[in-house]
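Which chain is which? They are A, B, C and D, in the order written, and residues in each are numbered from 1.
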Amino acid sequence: MAQMVSFREIIDDYEIIFFDAYGVIKTYNGLVPGIDRTFEWLEQHNKEYFIITNDASRSPEQLAASYHRRGLHAIESNRIISSGMLAKEFLDLKVNDGIVAYLGTPDSAHYIESSGLHTLPVAELDEINMDGVNALVLLDDEGFDWFSDLNKAVNLLRRRTIPAIVANPDGAYPITGSEVGIAIGALAAMIEHIVGKKFIHFGKPDSQIFMFAFEQLLVRRLVSKRQVLMVGDTLTTDILGGNKFGLDTVLVLTGNTLAKDAETRITSTGIVPTYICESAVL
Amino acid sequence: MAQMVSFREIIDDYEIIFFDAYGVIKTYNGLVPGIDRTFEWLEQHNKEYFIITNDASRSPEQLAASYHRRGLHAIESNRIISSGMLAKEFLDLKVNDGIVAYLGTPDSAHYIESSGLHTLPVAELDEINMDGVNALVLLDDEGFDWFSDLNKAVNLLRRRTIPAIVANPDGAYPITGSEVGIAIGALAAMIEHIVGKKFIHFGKPDSQIFMFAFEQLLVRRLVSKRQVLMVGDTLTTDILGGNKFGLDTVLVLTGNTLAKDAETRITSTGIVPTYICESAVL
Amino acid sequence: MAQMVSFREIIDDYEIIFFDAYGVIKTYNGLVPGIDRTFEWLEQHNKEYFIITNDASRSPEQLAASYHRRGLHAIESNRIISSGMLAKEFLDLKVNDGIVAYLGTPDSAHYIESSGLHTLPVAELDEINMDGVNALVLLDDEGFDWFSDLNKAVNLLRRRTIPAIVANPDGAYPITGSEVGIAIGALAAMIEHIVGKKFIHFGKPDSQIFMFAFEQLLVRRLVSKRQVLMVGDTLTTDILGGNKFGLDTVLVLTGNTLAKDAETRITSTGIVPTYICESAVL
Amino acid sequence: MAQMVSFREIIDDYEIIFFDAYGVIKTYNGLVPGIDRTFEWLEQHNKEYFIITNDASRSPEQLAASYHRRGLHAIESNRIISSGMLAKEFLDLKVNDGIVAYLGTPDSAHYIESSGLHTLPVAELDEINMDGVNALVLLDDEGFDWFSDLNKAVNLLRRRTIPAIVANPDGAYPITGSEVGIAIGALAAMIEHIVGKKFIHFGKPDSQIFMFAFEQLLVRRLVSKRQVLMVGDTLTTDILGGNKFGLDTVLVLTGNTLAKDAETRITSTGIVPTYICESAVL
């Protein structure tokens, strides 16, 4: 079973830290108190970090700005890797022209803009432009009318044989201490099931987002996976994905996994972090 | 493999006919032309019938009235068995008091009204009345705001340990010749997955709706399953369910299953009707 | 939430008791101590009972004999309803001639013998007799070579479009206090997934087995579902199935569900028994 | 929809070719006739290739030797990337000591031998050594007794909270032109479902095997994903995985996907290759 240790004890053993965002750096309540000290320490000790998030609702610049507004100034946008960036990479490499229809906010769409492609909210699809659509991207659960646009998305995929990309595999996300919201990953799974087609899913626990961050590192310096630590609050995304990619992992207890449940959940899922820490605060 | 025969050839061998509604008696276009002759013939030959439908959006009386408006006067409301009636039976037997929250139209709610119970649309749930809710029933995909009410339903089920009943297991239904709508069954499956709880599903192919019809018969006369024929257009609901209940089955080609696909679908699903007929028209 | 009561307090309110077998009447250790008093009491008080079991490995006669050998003489074979009996009913009604291939022990096969049908273990299938096979029945995890016969079953179903019937939906069963065995339900689900066809599953929580028992009752006397109590140790089969069929249900703590876990499991599955009792012993 | 082209027309546009093995280079019948010319041409034109296979039954050296025996001498073992190599990388990075239990042949076990770890077939597990097991690897469907060892694997995972690694996600594989065999991926999925734990799956369509090959390339030369072509016969593994990783893809018709079915399968799965070619023969 994983050892319960302090984050301070283990962080020195690694050169690069991958952090999940929600439940590790911030919660529905704002920043995790004291988390700014962690990023100061990393800077002082010349360690690198990436924030690896399944949040495709806003661009890295917008996500960084939201940390700055809350007083966490250390976080730079080029350190944020989101599942939306993988959707954009896919469009760049695989879809050369035409329209990309999307479900999400205008902010999330701005994100996937790509040379040669025109983005269009599903709400604006009609009989004429539908035949020019070459991909559908599911980005966020907000910014559209669920009844009319989910139905339109189903019928688009029945009519056109095009890739459907899901930029956030999560099924739900916390809104308050006790309530959750249905996330785009759950809506995507429903549509995938109705139309019977295989969607392309990016985001933890899938390896491709870890690889995307790792490649950014390799461009600048030679690192081994042994030097990287993944810090997350969710066993089924952060820890499962980090383990599979070959990283050491820390489960923190400031988010999805409560201290009283950690042991039971590890045993019942069989997903074992290398360490368990109270939080990622130093 | 199933034999292709005319409906006339086989109908004489049975005393009771179970019909699916959508795709057999009516389509998005109105009544199947000539289907009124089938019901006249049944009456003349003293055969009984039931219409067995996964449509829980309206009461049997309302469903019968809609046939009458279209000129099919033979159909009586007491011959219509819908999955909503099983939801009502469940509430009668298993939920003794309190509020039944529902997703669906007011028509569908009227349907499940039951002595001792108060029905309330999910939209009207609040912090106070939520603790008096003793069941949630998912009836229809219309009549509520998907974004706000599906999220409310998720949080209701996270807070209260109560039965959730799905009165229509279908994932989609035809709207025009080429378009479908997302049905309440797909929305229910999404919520079931998010909250991780087991819902109670009524409707074909589940046996309980066939049994419900069969029991109505047994009250009046002694019949054997060998005397009953199930007629449907969908392999995965009508034919699978009819077969499993022990009935002879007819696949008709006026709905979901096109003539050119019937053979392939039977082979790929392994669901074999006793007969295949062009239609249920005599 | 369900009330914790003594079995004595509630049993008087019902005319007919449905018992699960494993975990209620017997365990891997033999009979539940004192359970014979329950059956004596039922006899003295003129109450009826049925044992409703997903065990299709032996006939009702053999199952009754095994109770007798252990000293529980009250149990008669005509009171035992097993999922194998539903498989037999299906064959009687729906498969008129040819060979029924099966996976299971010779005892389990004897069970499904039916007029006009020839049973054959999958092991004896060959290139010639395969074309005469009109159904495959999966009865028990013992009595065949898993490697060779599961592969043969897969290829039979790829070649022949025939019904596949699973007479026990359970995925695993207890062998000792800490170990389980893989049950035929899990093997069936694997094959179903590989061949992509829909199998016909009988056994709790599916309603058809409850209906089968209820029909035996109705032949002799007029009863309502309100007069029947279902007693079981497993939420996902006994309690879910009993609830859905409209029966009051008792969860007992002598089998799959331990006293310390009952509350958590009820909350996490959303399957709520009417009552919780230590055991079915009076 | 994908264009039907000759392999010769497109191969010049790429610097590196990734080939699936089974259905592209060889079939149950031996080598695909003429495939040796493709590898000669690649060598003459200074193009690189990798063979990316979900076959974890034998080491790259053994796989290469089997091509040599059949007359395809061009294939070198360091060009073969198998899902078993990812299992070994996982063990190297994440499991530091103790016993690795495995299901598979001795050849497959040799494969995952790793410094500091002792491999042990599941058959040899007993009450004493079980507590020293720190991982379970599922490698191949042969080399063990299904009944006794699958049951042992289930009980190992119920007792020990350890990672379970599946080195081949395929559910079935072709044995002759008309028969298939149940693959270790299907057995793994069954066990995963029974024990309710999350296994770690390596192999196409998962990105990590593509990344593993791509990293081998990057060590030697700077390449972009645009210069790599993935050639495969199976939409759901080769083409889905290649597409998702951002590669151009070719569906060949020498294996799983027959010419007459290609169009239908592409439409029904929504998995669209960049090109369709008769074969990978030049």
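In the analysis below, contacts are C-beta pairs under 8 Å (C-beta built on N, C-alpha and C of every residue); 3 or more make two chains touch, one makes a residue touch a chain.
From a predicted model like this one, the values you see are computed outputs, not experimental measurements.
K.L.:
Tell me the fewest steps from chain B to chain D, where a step is a jump to a chain it touches.
P.N.:
Step count on the best path from chain B to chain D: 2.
K.L.:
Counting residue numbers used by both copies over all numbers at the interface, does the chain B-chain C contact come out same (over half shared) or different (under half)?
P.N.:
Same: most residue numbers at the chain B-chain C interface appear in both copies.
K.L.:
From the mean C-alpha coordinate of chain C to that of chain D, what's the distance rounded to whole Å?
P.N.:
40
K.L.:
Can you compute the centre-to-centre distance for chain A and chain C, using the mean CA position of each chain? Integer Å is fine.
P.N.:
44
K.L.:
Approximately how many whole Å separate the CA-defined centres of chain B and chain C?
P.N.:
Distance between chain centres: 27 Å.
K.L.:
Where in chain B do residues touch two or more of the other chains?
P.N.:
none
K.L.:
Identify every two-chain combination in which the chains touch.
P.N.:
Those chain pairs satisfying the definition are A-B, A-D, B-C, C-D.
K.L.:
Which residues of chain A touch chain B in the complex?
P.N.:
Checking each residue of chain A against chain B gives 145-147, 150-151, 154-155, 158-159, 171-172, 178-182, 186-187, 189-190, 193-194.
K.L.:
Can you name the residues of chain D that touch chain A in the complex?
P.N.:
1, 89-90, 93-94, 157, 161-164, 195-200, 206-208, 211, 218, 225-226, 236, 240, 243-247, 266-272
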